[in-house]
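What follows is a single structure, written as C-alpha cells, with notes after it.
In this document, chain identifiers A, B, C, D, E and F correspond to the written order of the chains, with residue numbering beginning at 1 in each.
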Amino acid sequence: MKKKHIPLDAMEFPRFEGIRTFMRLPHTTNLHGVDFVLAGVPFDTGGTFRVGARFGPSGIRDNSLLLRPYNPVQEIEIFKYCSGIDFGDLPIVPGYLPESHKLIENNVETLLRSNAIPIFMGGDHSISLPILRAIKKKYGPVGLIHFDAHSDLWHGYFDNKDTHGTPFRRAIEENLIDPSVSTQIGLRGPLYDKKDYTMSKDAGLLSITGPELHSIGVLEALSLVKNRIGDKPAYLTFDIDFIDPAYAPGTGTPEAGGFTGYDAISFVRGLKNINFIGFDMVEVMPPYDPAHITSLLAANIIYEFISLVAIQKRNKVN
Amino acid sequence: MKKKHIPLDAMEFPRFEGIRTFMRLPHTTNLHGVDFVLAGVPFDTGGTFRVGARFGPSGIRDNSLLLRPYNPVQEIEIFKYCSGIDFGDLPIVPGYLPESHKLIENNVETLLRSNAIPIFMGGDHSISLPILRAIKKKYGPVGLIHFDAHSDLWHGYFDNKDTHGTPFRRAIEENLIDPSVSTQIGLRGPLYDKKDYTMSKDAGLLSITGPELHSIGVLEALSLVKNRIGDKPAYLTFDIDFIDPAYAPGTGTPEAGGFTGYDAISFVRGLKNINFIGFDMVEVMPPYDPAHITSLLAANIIYEFISLVAIQKRNKVN
Amino acid sequence: MKKKHIPLDAMEFPRFEGIRTFMRLPHTTNLHGVDFVLAGVPFDTGGTFRVGARFGPSGIRDNSLLLRPYNPVQEIEIFKYCSGIDFGDLPIVPGYLPESHKLIENNVETLLRSNAIPIFMGGDHSISLPILRAIKKKYGPVGLIHFDAHSDLWHGYFDNKDTHGTPFRRAIEENLIDPSVSTQIGLRGPLYDKKDYTMSKDAGLLSITGPELHSIGVLEALSLVKNRIGDKPAYLTFDIDFIDPAYAPGTGTPEAGGFTGYDAISFVRGLKNINFIGFDMVEVMPPYDPAHITSLLAANIIYEFISLVAIQKRNKVN
Amino acid sequence: MKKKHIPLDAMEFPRFEGIRTFMRLPHTTNLHGVDFVLAGVPFDTGGTFRVGARFGPSGIRDNSLLLRPYNPVQEIEIFKYCSGIDFGDLPIVPGYLPESHKLIENNVETLLRSNAIPIFMGGDHSISLPILRAIKKKYGPVGLIHFDAHSDLWHGYFDNKDTHGTPFRRAIEENLIDPSVSTQIGLRGPLYDKKDYTMSKDAGLLSITGPELHSIGVLEALSLVKNRIGDKPAYLTFDIDFIDPAYAPGTGTPEAGGFTGYDAISFVRGLKNINFIGFDMVEVMPPYDPAHITSLLAANIIYEFISLVAIQKRNKVN
Amino acid sequence: MKKKHIPLDAMEFPRFEGIRTFMRLPHTTNLHGVDFVLAGVPFDTGGTFRVGARFGPSGIRDNSLLLRPYNPVQEIEIFKYCSGIDFGDLPIVPGYLPESHKLIENNVETLLRSNAIPIFMGGDHSISLPILRAIKKKYGPVGLIHFDAHSDLWHGYFDNKDTHGTPFRRAIEENLIDPSVSTQIGLRGPLYDKKDYTMSKDAGLLSITGPELHSIGVLEALSLVKNRIGDKPAYLTFDIDFIDPAYAPGTGTPEAGGFTGYDAISFVRGLKNINFIGFDMVEVMPPYDPAHITSLLAANIIYEFISLVAIQKRNKVN
Amino acid sequence: MKKKHIPLDAMEFPRFEGIRTFMRLPHTTNLHGVDFVLAGVPFDTGGTFRVGARFGPSGIRDNSLLLRPYNPVQEIEIFKYCSGIDFGDLPIVPGYLPESHKLIENNVETLLRSNAIPIFMGGDHSISLPILRAIKKKYGPVGLIHFDAHSDLWHGYFDNKDTHGTPFRRAIEENLIDPSVSTQIGLRGPLYDKKDYTMSKDAGLLSITGPELHSIGVLEALSLVKNRIGDKPAYLTFDIDFIDPAYAPGTGTPEAGGFTGYDAISFVRGLKNINFIGFDMVEVMPPYDPAHITSLLAANIIYEFISLVAIQKRNKVN
C-alpha cells in the first residue's frame, strides 16, 4: 500500500507544473503519519563573505522537480516505506541571529515531537547550532557526520560571536555532539594558521581532510566514518562547499580543489544503516548559481538522505 | 473585517520565506468565498520562436513576494474587499496543443462555476483561446482589451494550425469576442505584409498601434478603450511583449521600440470601472530574463488587475 | 594649479588598469587637503529581502573607471577646484547591526573632523542612520533630500528593530534631521496600508511620490525641493531603487514603475547651490546586476554629487 | 590531394569571422562528393521539462569554430580522407510532432540517397525516431550505441504519446534497431519504479548503467560495446545529459552524478573501426548554458564522430 | 515582381532555423543585381576599455531572425523594391590595426564597385575610418550623420595612434567628410576637458549633444540634421552607445543618461529621403549583453537603414 | 617575527571589505624588503579568438579575498618567511603589441632589480615573451615549465606576427629559454596538422600531452618535470586553458577534455624545491566566467605559487 503523503503525479501534472515544494511533496504542517519532513531555514545573517543563502530553500525546491520515487542504486521504492511532506520554512528574523536561533530551536523542538525525521534546507551553517540544541533535548548528544570544506570550529569572529564559522565549536562546548563518534570530511584550502588544521582532531573529532579523501577514496573513507559512528544516533550536516566550485559554484565561501557530485552522492549512499535522526543541507546560494547546478546537486543529495530514511523504515518493517 | 484568504503575514514570515504562491496567497483549489483566483497555465507548445513560457507562472510567483495589500494610487485596501487564492497550475500535456487546449477549456469552465474572477498566468498566447471558449459559455461573446506587440490574428502558420500567433483569429471566427467593443493596443515592428497591419481593423477591432500610442499617450488611449468597451463584460489579455525589451527581455518574440513599465501600469490603472470578467498575462519566459525584471513587472501588472477587481467589489458594496 | 589628489592618468594607465578605487582616485586615509572623500560602508545585515549590498562599494568602484574630470553640463573642471580620495571601506561586523552602526558612527565622526565632504557608498539603507548620528554632532539636525521608492519610515519590522526600512523614523525621533526642510522623492509601489502613504507627510516631510514626479516632471520637483531646503545644511541620500528596475535591476527591493537614469542625473544636476554636507548612495547589489548597469549608473550619479561639491568649492573661491 | 569541401581558411578569415556553419564547413545542400554531412534538426516539442533544444544546432555551430582539421589522438588528417558540409537545418513544424517527424523522416531519406554519412544535431531526443525510420529503409534494422542518463524506453507519457522519453521503445516496436547488438550507456538518477531500471535489459539491449560505468571505467565498457556490435551497421545517438551537469548544464533533464567531458571524448575515440552509418547529438539547450560549455563539448564530441568517419574512409582507401 | 535575393521563407523554415545570416538573407559574395549588402567587420583592436566587438556581427545576425519584410511605419514592402544579401565578414587581422584598416579599405573599395548600398556591422568604431577612405574614392567627401555618446574626434590616445576614439579626427584631416553638412548627435557624459565638448563644433560639425536632444526632442533634431545635409551624399554611422545602457548594455564604453530604443528607431525613420550611400552600426559587444537586447535593438535599427534604402529605390522607380 | 607586508587583518576588515588587491596584500610600488610581488599585465591584443583578458588581473584580485596565510598541505606559514605586495598593473598600450611588449619588458626589468620573485597576472599569453626577455637579462636562458592546452609554438599567424599563439617559438629563437630542461604539459584538442603535435618535441622540449597526463597521472608527470629541470632557474607559465572548461570556462580558446582544479593544484604543489625565479597566470577572461570559478581557481593556483616561494625562503633560512 502506498503511503499517503507522496509527490504530485507526473502523469497528471507535468514536472514543471504546480506550486513548488521539495520533490512536489504535499505542503502541510500536520506531521501526523509523516516519516520524513523537509523544512527550509532561510537564515543567512551568519554569513561572513557572500550572502544569499536565504534563497537556498527555494532554489533547492525549484531544482527538485525531476526527482522520482525509485532509487535504483539503493533499490528502494521510497514511498512504499515512507510518507513525506514539505513543511515550508521555519520563521526567522533576518538580520538578528540570537532571535532567529531561538525561533529555530523552538520550531525544531516542535517538529521533533512527531516521529518524522527532519531534513533541513539552509540557510547558512549557523542554523545547525539551534537545530542541534533542539535535537539534544530529544536524543542527548549525537554523532556528527559533517561534510564541509571548513571545520566551522572557529572560536569566534569579531569578538567571539556566532557566525557560520563557529556552530560546531559551540556544539561541542554545549555537549550537543559527541566528538568521539563524529567525523568531519573534506577540510581543505588556505587557513589562518596551523591550529586551524588540527582544530578538528584537537576537539576530539575524526577529520578526513580533502587531500586525504582525494588520496584514500570514498570507499575507505566510508568505512572510517561507519566504524566511528557505529549505531549511535547520528546527525548529518552537509555544507555544499564540500563540493568543487565547478559542480557547486553557488555558495558563500567556495574553495577550489573539492569533490565531484558523484563523489558526494556515492558517499551518502554508502552511509546506509546508520541510525540517522536528522539531516541538513546548507550554504546553497542561488544568486551565485547561474546554471542552477548547485541547487540541482543539493536536491539530489537530499534525495539520497530521503533514501537513507526509507531504508531505515524498510529495515524496521522487516 | 478582513477577508479570509489573504497573503502570509510578513511580520511572522519574512518575504523570502515559504512555499511560493502568487503574492504569498493561500494555495487551495477550494473556490468557496473567493473573489479572485490566480491560476497558472504553463503551456508553451504554441511558441514559434523562443520557448520556455511554461516556466512563466513560477517566474511570476517568485517575483510577486514583495507585493503588499494597499494600492496607494488606486487608494484601495485590497483584502478589505476581496479574498484571493492561488489555485496552482491547470493540467496540460506538453507538446500536444489540441489535448492541452481541451484540458484548459474544461478546467476554466470548472473555475468559472464559482464567483471568483480568474487571472491566468501563461504560458504562450495560444492559451487565451481555450480560456475564451470557456468564458463564452458563461458570458457569451465578450469585449477584448488586448495589449501586445503583435495582433495574433494570423490565419495560421504552417498549414493553418493553431499557434501563439492565431488565437484571436479563431476567437473571432468562433464568435468568442465581440470586435465592435474590443481594442488591440501596441502593434509594432516589422510585419509580413501590408495586410498584417490592417488585420485588426479589417476584423472589426479598434487598433491603437505602438507608434500611435507613443504619439497620443496613455491618457488619450485610455479614453478610446473605455468609450469602446462601455459596460460590456471585458476580458483583458496582456502579452508582456507589449513592453520594451529593456523592461521585459524575458519573452518569446521581443520587439524593439515598446513601452515602459510605468506606461503599462498607468494604462491598467486607468481601466477602472470596466466590467472585467477575467484577465491573463502571457509570454513571460524566465530563461531569457537574467535579472528577473520581466517577471517582476508582470507580477506588478497582475497586482493592478487584482486592484481593479477590488475596486469592482468595493463599488458593488457601496 | 591642479589639486594634488586626482585620478590616475589615462594616458599612462589605460582605464581598465590598476587597483580599483572610485574614479581611479588615490587610495589613502590621510584627509589632509582633501575636499571630498569616498568611503564604502559595506554593511547589509539590515536587508529584509534580497541581500548582497556589501558588494555595493566594489561594484560601484569597478564601474567608475570611465568617469572623466570635466562635467560638461555643469561646466566644471572638477579637479581645478577639488582634491578627492577613496578612503576605502569603513570597518563593520557582518551580521551584527548595533555593533556595526556604532563602528560606522565612530568612523564617520573621525572622517568629519577633516574638511572633506563625505560621500558614502552602501551597503543597505540602514547605514544612513549612524552616518546621520555622526553628522548631527558636527552640524546639528540637517535637511534630508531623500530619493527612494520607499519612505524607510517604518516603525520597525519584527518587534521594532532596526532594518533598512526604518532609518529615517529613528532619525526623526533622534532629531537628526529637520523634517520641515526635508523632502522625500519617489515613493511608489504597493504598501502595507494607507498610513504608509501618508507617513512621510505625517512626519512633517515633504513627499513627492513617484506618480507625482511622473506627472509634474523633474524641473517642477526641483523647485519644490530647493525652496524647501533653502540654504540649510543638507544631506542627500539616494536609494538606487528610486530608479526603475530596467535601469537598476541590481537592488534589494526593486519596484516597477520607476525613473530613468537620465531623470536621476538631471535631478541631481539641478540641485546645485544647495549647501550639501554629505551624500550617500545605497542598496546597490552587484549579484543581481548581470549587465553591471546598476553600478554604472550609481557611479555616474555619485559623479554628479562630486560635481556639486566642486561647484560649491568654486563658488567659495569666487 | 585535399578534398573539396573543407573548412574556411583561418589564415585568411580569423576563427571568429564568417557566417556560422559547423566547423566553418561550406554550407550547401548539394551532396555530390560529400563524405559526411552535418544537419540540424531543431525540433523540441517532445521535451517534457525544460525546452529550447531548437537552439541546439546554432549553439553547437557557434562553439565549433575552434575545431581544426588534425585529430592528434586518432592521428588522422580529416580532410585528406573526407569532404564534409553543413547542410543547414531540416524543416520542421514547431509544436507539431507527427508532422515534424514525417518531415524529418522524408528529408533524412533524401539525404541518405547520397553516400554521405549523416551527423544530426538536435533538437530533443524524439528526433532519433524518424531518423531511424529513414535509416531502416536503407540499411534495415541497425545496432544502437546510445549514450544517455535515461533509457528513453518509456511506453508513453500522458496517454502513450511520443515524447523525448519514448523514441527507442517505438524503435524496437517498429524493428528499427536490433537490440541484440545494441548498448545503452549511462542510465542513472531517480526513476519512477523498479521496471524503469531493467527496461533496457528487458527489451534485449545491453545496459551499462552510470554507476556501472563509474565502476568499470571507459576501457572495459568499450570492449563490451565493441564485442556486442561487431561489424553490424551502427547508429550512435548521444544525449548530452550523459555528461554531468558541471560539464553540460545546458540540457533539458539534467541528472547529477554523470561523466566528464574527457570520459565522453575518450569513449567515442575508442569506438573506431565500428561500421557507423549515422550519428546524432541531442538535447543541447543553449538558454541554460550561460558559459557555453555544453555546446563547446557537444561540438568536440561531434568532432570525434567526424574523426571516426575519416578513419572509416582511410581504412577503405588502404 | 519580387526581387531575387530575399529572406528565407518562414512558412517552410521556422525563424529559429537555418544558417544564420542577417534577416535570413542569402549569403553570397556575388553582388550582381544586389541593392543593399550587409557585411560584418569584426575588428575590435581599436577598443580602449571593454573589448569583444569582434562578435558584434554574429550577435546582430542571431538577433535579426524576427525581422519581417514589411515596414508598416514607413509603409514599404522592402523586397518589392530591393534585393539584399549578407556578404559575410570582411577579412581582418586581429591585433593589427594598420593591416586591418588596409584590408577593410581594399575590400570596401571592391564592394563599392557594385551598385549595392553597403551596411557594415562592426567591430569597434575605428572601422569607420577605412570605410570612409574607400567611400571617398567613389563619392568624394561625404556628409556624416553620426549617432554616438562620444565625438570620436580625439587627436590620439597614447601617442597619437588610431583607436576607436579617433576615426573622425582622421576623417576630417584626410578630407573624407565634409563637416559643413555633417552632424553629431548624442554627445554626453564626463569628458577629459572643456575642449572635448566643443571639439565637434570647433571641427566644423553641428553637434546636437545628448542633453540638447533630451531637451528639444527627436522631431526638432531631425529637421536640423536634414536641413544641414540637404541632398548631399550621406554616410550614417551609429555607435550603439548613443542608446542608454538599460537598452544597450552590451557595448564597450557605456554612458549613463542616454536614449531609448524608440528614440533611435524614430530618429532613423525620420531620415528618409536623404541620399544615403552607406551605413554602419558599431560597438555592439555580445559578451556584455546577457539578455541579447543590445543586438536585438541594433538589428532593428539596421532594419530601418534597409527601409531607408528601399524608400530611395522606390523613389527612383517612381 | 611577522614580515612587514602582509594581508589586511580579517578580524578588523571582513574579507569583502577594502580596496581590492591580490589576497588583500598592500598595494605599493616600493619593492624594498619584498619577497614576492604580484603584478597585473592586462594586455590582450594578442588574442586571436575571444578577447577580454585585460580584465584578468581585476578578476583574479576579486576572487583572491578568501586566501588565508597558512597552507596546510605545504605546512607553511607564508608570512613567517615572506613579505609580499601587489604592485598594481604594468602600463601597456591597448591595441599596440610591439609598444606594449617593449613597455612590459622595461617594467619587468625594473621589477627584477629588486630581490622580489615576480608573479604576473595576464593578459593573454603573448605577455610571457617580453617577460622572458627581461628575465634573460638577469638570469640568462631559463627552464620553462609550461601548463597549457596549446603549445604556443606557432611560427606566426597572419604573416608571421606575434600573437598569443607564438611566444615560445620566439623565446626559443631568441634563446630566452633552454628547451633541454623545459617541459610543456597538457597539449590537447584538434590541431592544424601533424607537425603541431610534434612541434614541442621538435623544438627540444619535453611534451607531456593532455592524453598522456590523463593516462600517467600527476605524480608520474611531476617526476618527469622535476628530473628535467633539476636545479636550473625555472619560470612557470600557466595558461588557464590547461584546465577543463567545466572548471575554467572564462578563457579565450577553451579546449574540452582538460584537467580539474585539484589536478592543477596538486601538480603545482608537487613542484616544490625547484629554483623558481618567476611565474605567470594568463588567459583568464572574466566576461566569459559568469560564476567566477575561473578567477577563483586562478587565484588559488597563484596562492600555490606563493607557497612555493615561501618554501624556497624557508629552505634558505634553514
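What we mean here is this: a contact is a pair of C-beta atoms (placed from the backbone, for glycine too) under 8 Å apart; a residue touches a chain by one contact, two chains touch by 3 or more.
Since the model is a prediction, treat every value here as computed from it, not as a measurement.
Under the contact definition stated at the top, the chains bordering both chain D and chain F are A, E.
Comparing D-F with the candidates A-C, B-C or A-B, the pair whose contacts agree for more than half of the residue-numbered pairs is B-C.
Taking the mean of C-alpha positions as each chain's centre, the chain lying farthest from the centre of chain E is A. Set against the Cα centre of chain C, the chain with the most distant centre is D.
With centres set at the average Cα position, the gap from chain A to chain F is 38 Å. One inter-chain figure worth recording: chain B and chain D are separated by 41 Å, centre to centre, where each centre is the mean of the chain's CA atoms. As a whole-number value, the distance joining the C-alpha centres of chain B and chain F reads 55 Å. Contacts with at least two other chains are made by residues 14, 16, 48, 50, 54-55, 93-94, 158, 244, 246, 288, 290-291 of chain F.
Contacting chain pairs in the structure are A-B, A-C, A-D, A-F, B-C, B-D, B-E, C-E, C-F, D-E, D-F, E-F. Interface of chain A with chain D (complex): residues 10-11, 14-16, 65-73, 75, 77, 244, 246-247, 260-262, 265-266, 290-293, 296-297, 300-301, 303. Those residues of chain A whose C-beta lies close enough to touch chain F in the complex are 48-50, 157-158, 189-194, 196-197, 209, 211, 214, 244-246, 249-250, 253-258, 288-291.
The part of chain C that touches chain A in the complex is made up of residues 44-48, 50-52, 54-55, 93-97, 99, 158-159, 161, 163, 287-288. Looking at the complex, you find that chain D touches chain E at residues 12-14, 16-21, 27, 40, 42, 54-55, 58, 61-62, 86, 88-89, 91-94, 290.
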